[in-house]
Structures are given as structure tokens and as C-alpha cells.
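Common to both upcoming complexes is subunit A, partnered first by subunit B, then by subunit C.
Now for the complex of A and B:
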């Protein structure tokens, strides 16, 4: 039971991080980053190869680069940095010249290409088999199989998610966040008002990439394996569904969406008794995810917790009050 | 063949007072914009004198809005030179031109629909330390003073344009005319030197057309230079000196409206009726 609860908590934290990143990029800034899962994967692989010993260890049953055996928290920091550093090259190719609909397609294609490249170059990150036996943080000091360790891991995940939540709140409630929202509403007009939309997009792309990288590091540290099958492009669509359901451009909505869709929905369907041909239930899950997206876009496009209207006080212009947006 | 203006519009029409000659705030020289062989704007040269409202008129498809977009940097020029306030801005992106004081509005309403009216104005305000990623992360203590100052500034504008009551409304919920006013106020937050207005009166209730015209006059009297593209000729006549006429991508004449009405080519091209 402990393992189940801590696993749900860790996944909730990781998904909340991912949804916060997507909400900043998509919900606040209007960037349809269908390659999001690449950033999470880059973080997971980075944390893996930084914390693992050289690939000659364990009988050399897997091949990968680096294998630096770095102590915690360096692999997690490295994962966050790599997630951030991956953003500029992708952003410079995709975000500078393409219109947003083409950006989405280009991102999706990038995601597919990345999976194929990693799968077909085994010396790089062990190909389709992926990394296994990734050391858990502080495993040399603590017993990772103990309940205490699992609870501590879950607590650390929740604390990190909370810190990122505060950062995301600072961003969306600032003048910078307002510029991001203006760019989302009308990029040409924002440019005409002195906003450098390329710089705005790149900056939020880097922030999202860093958060995604961290989320990948947390996840791989918990499950200790990482392979291309865990980061196929549909994973991104689940996270988008979560943000659409929870409420775009609202960090509370992003967290709620993470709890409702990737965690709640998947946990709920886990208990459906098997029926029909093999693979029917997982396929039906995808149908439901698609239905969720369509249903919300049709009936409640702003999500369960919509983006909030910023109302400035009349007398003294202090912190803008946040008022629930009207439908 | 362009009709030569009476001293390129350095004086008002008959009976009007003479306006002083001054160095142009904006000079366009031989500006062209081509779209895959289609010459939307071809070899256009104009001067925009400071402290005046210059009109840009012409039939649909004349290239007026394209030319305005090229001046603002929304579209790059295929050839030619644009000098703004003594600086060559031809290759400068739109956001940099805006920061230098060359600010435009759009032909179609371009409000930030899901932002409130006050937020629309605040977005345009320069010099806010919170308008960067680092500034945002440092928190309100870092940028709060700037924000408070700019809220006050925005409220003065809202008051002047009699839009205070709409401050907290979503801009997307406003009427067409109110959206136009928001766009103008938003531009003013940038403290522009030259305001490019692209058909600010189109699709607007007649009562607000007069209001917008009055605001333009007041802004001109405050020293703001305006270049306005508009089809409402009676408003152009009321506001503008000089008026530039474009047709098929070319400037075909400029001068006062009285002068232009006397030119057969221009009457045939645009002013019939």
C-alpha cells in the first residue's frame, strides 16, 4: 500500500510539474509545444547517465554515454540544465519563423524523430531497451526499498512541485506574464507595442524545458528505468488534455488537470475488469482522452478553473486582485 | 504621373494659415513591397511632418495598409529606405521601431481580448522592471513601484478617453468603437512620436467616429504626429493636412483635400462622387 500511495504521489508531482510547464507555454503564451515529452525525456536520460556508473559496470549489459556516477543532487541539476539548454536550438528552428499551427506540427514531428533517433542508436542511450538500474538518489546512504525512503521521495517531489508552482505564479502574475498573455492573444499587435515576441517565446520555452527536465529526473530516479516506449509523443497529448481540462493559463487549473487526467483518469481505468480482445481497454482510454479534449473545448473551453481576470484596486494600485474569470 | 502638391502640403487650403516648414519626422524613399511578383507598394516616397495629422487615402487595394505595415516594420520592405527621426529603421524589426516611438494600430481590431482594458494599456507600457523573466522571478517587491506608477498613468488615459468605467472589462467584450479607443490608448502608453492609425473609424458607430476624430485633434494639439489611413473622407478633410493619395501601389498625389479635389486624375481614381 505504501508503495502504491507513494507511487501515485510521485506521479502526481511529476505530472503537476509537467502540466505547469505546459500551462506556461501553451496556456499563458500560446505555444503549442507538441514536443514537450522530449524535454522530459532529456531530463530523465541526463539524470540517468550522470548518476549511473560507466556502462562497463553490471557486466556491460547496456551501453550509454557518460556514466559519470555523480552524487545527488548533481544529476537532477544537470537534468534541469539540459532541459533548459535543449530549448534554444529547438526554439530557434521552430519558434522564430513558423506560424503557431505550423509550430505545432513541427514540434510533433520533432518528437517522433527524437524517439526514432534514440531507438536506432543503441550506443547513445541503449536504444529501444533503454536505461535500467538507474541509481536512486542517496541510495548509498539510505535504503531505497524502505517505506521511509519512499515517503521521503514522494515528499521531496511534492515540495519541488510546490516550489515550481510558486515560480509559475510569480511569472503569470507579473508584467512579464501579462506580456506573454498579450502575445498569446495577438502576436502582431504585441510586436507593434514593443514586445520582442521571439525573445518572449524563447524565454518561456527555456523555463518550460527546465521544468520538464526536472520532472524527468524525478521520475527516472523513482522508477529507475527509462526507455523510448515511456516517452512516445502521445504522452504529450495526455498532458495537453490535462491542461485543457484543468484550465489553461491558470496554475491551479494545471495542477488540478494533472490530478484529474494523467493520475486520476489512469488510476480509475486501472480497475476496470478486463473485457473484449486484448488491448481494448488501453485503446478505449485513448478514445476517452480524445473525447475529454473535444468535450472541454466544445462545452467548457476555459477548463474547470479558468484563467483569472486581473482587477486592479481603484484607490491604491497594489497587488492586482484575482477574480475568477466569468466562463 | 503624381500630381505635385502645393509645396508638398506645407500650407493649409485657401484661407487657412500657413504651416511652418520643418524637418520630416519620417521619410520614406522609394519604398516597395512585393508579394511573389505582385507589387502591392511600388516606389513610394513620402514625408511625414511633425506635429501634424497626415492622411493616406486611396481605393481598396491601393496598398495603403501594406505601406503602413512596412513603415511600422510589421512587413519588411522589398526595397527603399525608411528614415524615422534621423535614423534608418528600414531593417529594424517592428518591436524596436515601436520602442523608438513609431507605433501603429491595425485595420482589424487587435485588442488583447482576454486581457482587461487596463491590462491592455499596461501591456504597452515601457520601463516596467517586471516585464522580463528575471524581473518576474524577483517578485512584486522588485517591480511593484513601476507597476503602481504605470497603473496611475493608464488611468489618466482611461479618464481622458472616458473609458474608466470599462477598466476591468475584458477588451474582447467591448464594442467596435471602444476597441479602437483601447488600441489608441494602448499606443499612447508607449509615448509615441509618430502614431500610424490604420482605418481607426472603420466599422465604428457614427457617434464614436466624431469622438475618435476629436481625440486625434487633441493629440495633435499636444504635439503628437499622426499618419492616418482612412476612408471617411469628411474626417480626413477635417483632420489632415496634408493628404496623400495612393492607387495601385503608387502615390498619385498629395496636398490639401481642397487641392486634391481639383485634380482630375485623383478624382477619377478615387474621389468620384
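Now for the complex of A and C:
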């Protein structure tokens, strides 16, 4: 029971982090990052190879790069940094000149290709088999199989998710967040007002990538394995479904969506008695995810918790002018 | 060397399949302004529809017609039932991409329990093998190339020598102006979905004929070379898609011979990235993937 609860908590935290990042990119800034899952995967792989011993250990049954055996906080920090660093090269190709729907398909194709490359290059990250026996954080000091460790891990995940929530909250309520929303609503007008939309997109891409990298590190530290089959492109779509259902562009909606869709679905299907041939239930789940997206976009496109309407009064808008006049 | 020449031969077959699919894909985009990411799934669904008939003892060529009709009707219903209502509602371009991806997921997973998880292959006589130097192609592969040539000629004639083709080009260029000129754009768009759907169906069947076996999971793999070819040529541009198909078809097969077959799709993607960086509008189109000017 302890194991069950802590697992649900960790997954909830990881999905909440991912949904916050997607909400920042998609909900606030209007970038459809269909390659989101590869940022999470990059974080997970980074945390894995930084914390694992060199690949000759354990009889060398898996091959991977690095294997630095670093102590605890470093792999997670590394994962966050790699998630952030992955953003600029992708952003440079995709975000500069392409129309919004092309950006989306380019990133979708990128996600498929990344899976193919990692799967077919075993020396890099152990190919299709993926990383196994990733050491859990502080495993040399604490007993990872004890209930206390499980609870501490879940608590750490929730705390990190809360910190990121506060940061995301600060971002969307800041002038920077206003610029992002302006860009989402009308990019041309935002450009005309002197906002550099490419730089804005790039920055939010980096922030989202960092959050995604961290979420991957947390996940891999808990489940201790990571393989290409866990980060296929439809996983990104689950997270989009979550953000669309919860309410895009506001962080409460993102967290609610994370609890309802990835976590809620996973838990609900656990209690469905198996019926039909094997594989019918997963197929049915995917149909439901697709149906949820279509249904919500049709009937309630703003989600369960809609983004707050922000109204600026004329008097408030005049304020800066007077200040400028005085100064 | 002979390996590379042989790969060139396979490239001719690949480009034929990609050309049929990419022309349909790009016309959907050009005429209806819809990037239909469910295209690969409609292809595989059509391939299975043809398989059901073929398995019941019908000749493969008649089965191909069944596949084409299935693809046409399926695409038409997809547009009428889902895409068009969302577009009328004013869903933006990004929203439509998400919708088509969700649709793609639904089709694949509805198809899975119906068609099963196993790979299947058509009952067909591959015919005598033709040799030309190191190039060795089966009769079926030659026939696929012939089908592609016929399809390209038909598409060209349709667009340039019929009133419908003219109306389609007008609708693609400026739907509002076309409507004001008395062109029934709604009907033109319906017909466009039927025609491109038929192309999609034929492409699915020939792709199935060319591979030893196919399964539902192949649907999403079809999409990458198609997108690459369409974007390379200039999205919305049928002739661009044909040129794109030639380049992508040859490059994927040649790279399979030179590097490794696993990296076929990666090469297609590398070409796509290069195009997006260097010439986002594609080879032929004026604007293509570039952000709208206004």
C-alpha cells in the first residue's frame, strides 16, 4: 500500500511538472512542442548515465556513454541543464521562420526520429533495451527499499513540483509573462510593439526544457529504468490532453489536468477487469485520450479551469505615460 | 558499387510510393489548408480494407480499387465529421494539428483490435524478376511504378485540363475570391477530400504490396517520408511533392545501402531539417512553410 501511494505521488509530481512546462509553452506562449517528451527523455538519460557506474560494471550487460557515478544532487542538476541546453538547437531550426503548424509537425517528426536514432545506436544509450539498474539517489547512504525512503522520495518530488509551480506562477504574472501572452494572441502586434518574439519563444523553450529534464530525472530515479518505449511521441499527446482538459495557460489547470489525465487514467484502468484480447484495454485508453482532446476542444476548449481574463483599465494604462512625463 | 546501383532501383519503387502519397497529402494541405497528420493511419486502414477483400480471394488490382474507394470515403467522412466542423468553429492552425494528431491516435487504436497485431501480406504473384545491370525488380515493383506514373498523369490532367481542376487551384489560391467568383468551394473541397483520399488509399495498398508484411504499427512510419517529400517540394504544391518524392525516395534507399537500413527515416528527416533551415518555403512554392506575411 505504501508503495502504491508513493508511486502515485511520484507520478503525480512528475506529470504535474511536465504539464506545467507544457502549459508555459503551449498555453501561455502558443508553441506546440510535440517533441516535449524527448526533453524529458534527455533528462532521464542524463540523470541515468551521470549516476550510473561505467558500463563495464555489472558484467557489462548494457552499453552507454559516460557512467560517471556522480553523487546525488549532481545527476538531477545535470538533467535539468541538459534539458535546457537541448532547447536552443531545436529552437534554432524550428522556431525562427516556420509557420506555427509547421513548427508542430517538425517537432513531431523530430520526436519520432530521436526515438529511431537512440534505438538503433546501442553504444550511445543501450538502444532498444534502454538503461536498467539506474542507482536511486543517495542509495549508498539510505536503504531505497524502505518505506521511509519511498515517502521521502515522494515528498521531495511534491516539494520540487511545488517550487516549480511557484516559479511558473511568477513567470505568468510577470511583465515577461504578459509579453508571452501578447505574442500568443497576436505575434505581429507583439513584434510591432518591440517584443522580439523569436527570443521570447526561445527563452520559454529553454525554461520548459529545463523543467522537462528535471521531471525525467525524478522519474528515472524512482523507476530505475529508461528505454525508448517509454518516450514514444504519443506520450507527449497525453500531456497535451492533460493541459487541454485542465485548462491551458493557467498553472492550476495544468496541475489539475496532470492529476486527471495521466494519473487518473492510469489508476482508473488498474481497476477495470481485463476483458477482450490482450492489448484491447491499452488501445481503448488511447482512443479515450484522443476522444478527450477532441471532446474538450469542441465543447470546452478552455478546459476545466479556464484561464483568467485579464483586463487592463484605461487609467492603469495611462499611468506609465505620466511617470515617463515626470521623469 | 553494384549494391548502390541495386539500391537506386529500389529507390525508383520507393519514390513511386512516396509520390502517390505525398501528392495526396500536399493537395489536402493546399486546397483545404489542413495538415492531416492522420494521413498515415488512413493509408494503413485502406491497406487493411484492401487486405480484407484480397484475403477473401479477390485479385490484388481489384483490391487496390477497394482500398482507393475506402480511403476516399474515409477521408471525406473525416473532413465532414471532424475537420470541417472544427475549422468552421474558427480553430486555429495549431489547434487543427493537435486535432489531426488526436484523430490519428484514435484511428490507429480502433484499427488495432479490428485488424489485429500480426503482420499480414497480400496474396499476389510477384511475377518474373526483371534485371537491368545490378537492378533487379519484381513484376509487382514494376507495376507499382506504372501505377505511380498513371496517377501522376491523371493528377496533372485533372488539375490542368478540367473545370474541377481549375476550381481546385482557384480554391487553393484564395478561397474567398474563388467563392465570390461563383465557384462552389464547399463542393470543391468535398471532391478534393475524395480524390486525395483515393490517392491515400492507393498509396497504402502499394506500400503494402511492396513490403513483405505490414501491420497497423506501420501507419505512423509512413508519415515521415511523406511529410519530408511534401515540405521539400513546397507544401501545397503537387509538382513539388513529386520532385520531393524523387529526392526522398532515392536518398532513403541509397543511404540504406551506404549507411544502414535503420537510418532510412533519419536521412529523410535530415533532409527535412536542412530544407526547413535553408529554404523553408520548399523548392517550388513561394511561401510554403514560411510564416504568413500578414
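Quick note on the criterion: the second predicted complex is superposed on the first by the 310 of 327 C-alpha atoms of A that agree within 3 Å, B and C clash if a C-alpha of one lies under 4 Å from a C-alpha of the other, contacts with A are read in each partner's own complex, and residues count from 1 in each chain.
Simple rule for what comes next: a contact is a pair of C-beta atoms (placed from the backbone, for glycine too) under 8 Å apart; a residue touches a chain by one contact, two chains touch by 3 or more.
Small disclaimer: the values here were computed from a predicted structure and weren't measured.
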{"item": "Joint occupancy of subunit A by subunit B and subunit C, clash or fit", "value": "fit"}
{"item": "Partner chain in contact with A:186 - subunit B first, subunit C second, else both or neither", "value": "first"}
{"item": "Subunit B versus subunit C as contact partner of A:61, first or second or both or neither", "value": "neither"}
{"item": "Which of subunit B and subunit C A:3 touches, first, second, both or neither", "value": "neither"}
{"item": "Where the C-alpha centre of subunit A sits as vertex, the angle toward subunit B and subunit C in the overlay (nearest 10 degrees)", "value": "70"}
{"item": "Partner touching more residues of subunit A, whether subunit B or subunit C", "value": "C"}
{"item": "Smallest separation in angstrom, by C-alpha atoms, between subunit B and subunit C in the superposition", "value": "6"}
{"item": "Set intersection of subunit A contacts, subunit C complex versus subunit B complex", "value": "188"}
{"item": "Residues of subunit A that touch subunit B when the two form their complex", "value": "167, 170-171, 173-179, 181-182, 185-186, 188-197, 203-204, 207, 307, 309-312, 316-319"}
{"item": "Sites on subunit C touched by subunit A in the complex", "value": "35, 37, 82, 85-86, 89, 91-99, 101-106, 108-110, 112-113, 117, 220, 223-224, 227-228, 231, 235, 260, 262-263, 265-266, 269, 272-273, 276-277, 280, 289-292, 294"}
{"item": "Subunit A - residues contacting subunit C, complex", "value": "30, 32, 34, 93-94, 97-102, 104-106, 108-110, 112-113, 116-117, 119-120, 188, 233-234, 237, 240-241, 244, 276-277, 279-280, 283-284, 286-287, 289-291, 293-294, 297-298, 301"}
{"item": "Subunit B - residues contacting subunit A, complex", "value": "72, 74, 93-96, 98-99, 103-106, 110-116, 118-120, 122-124, 126, 128, 130-133, 135-137, 139-140, 143-144, 146-148, 151-152, 167-168, 170, 186-187, 190"}
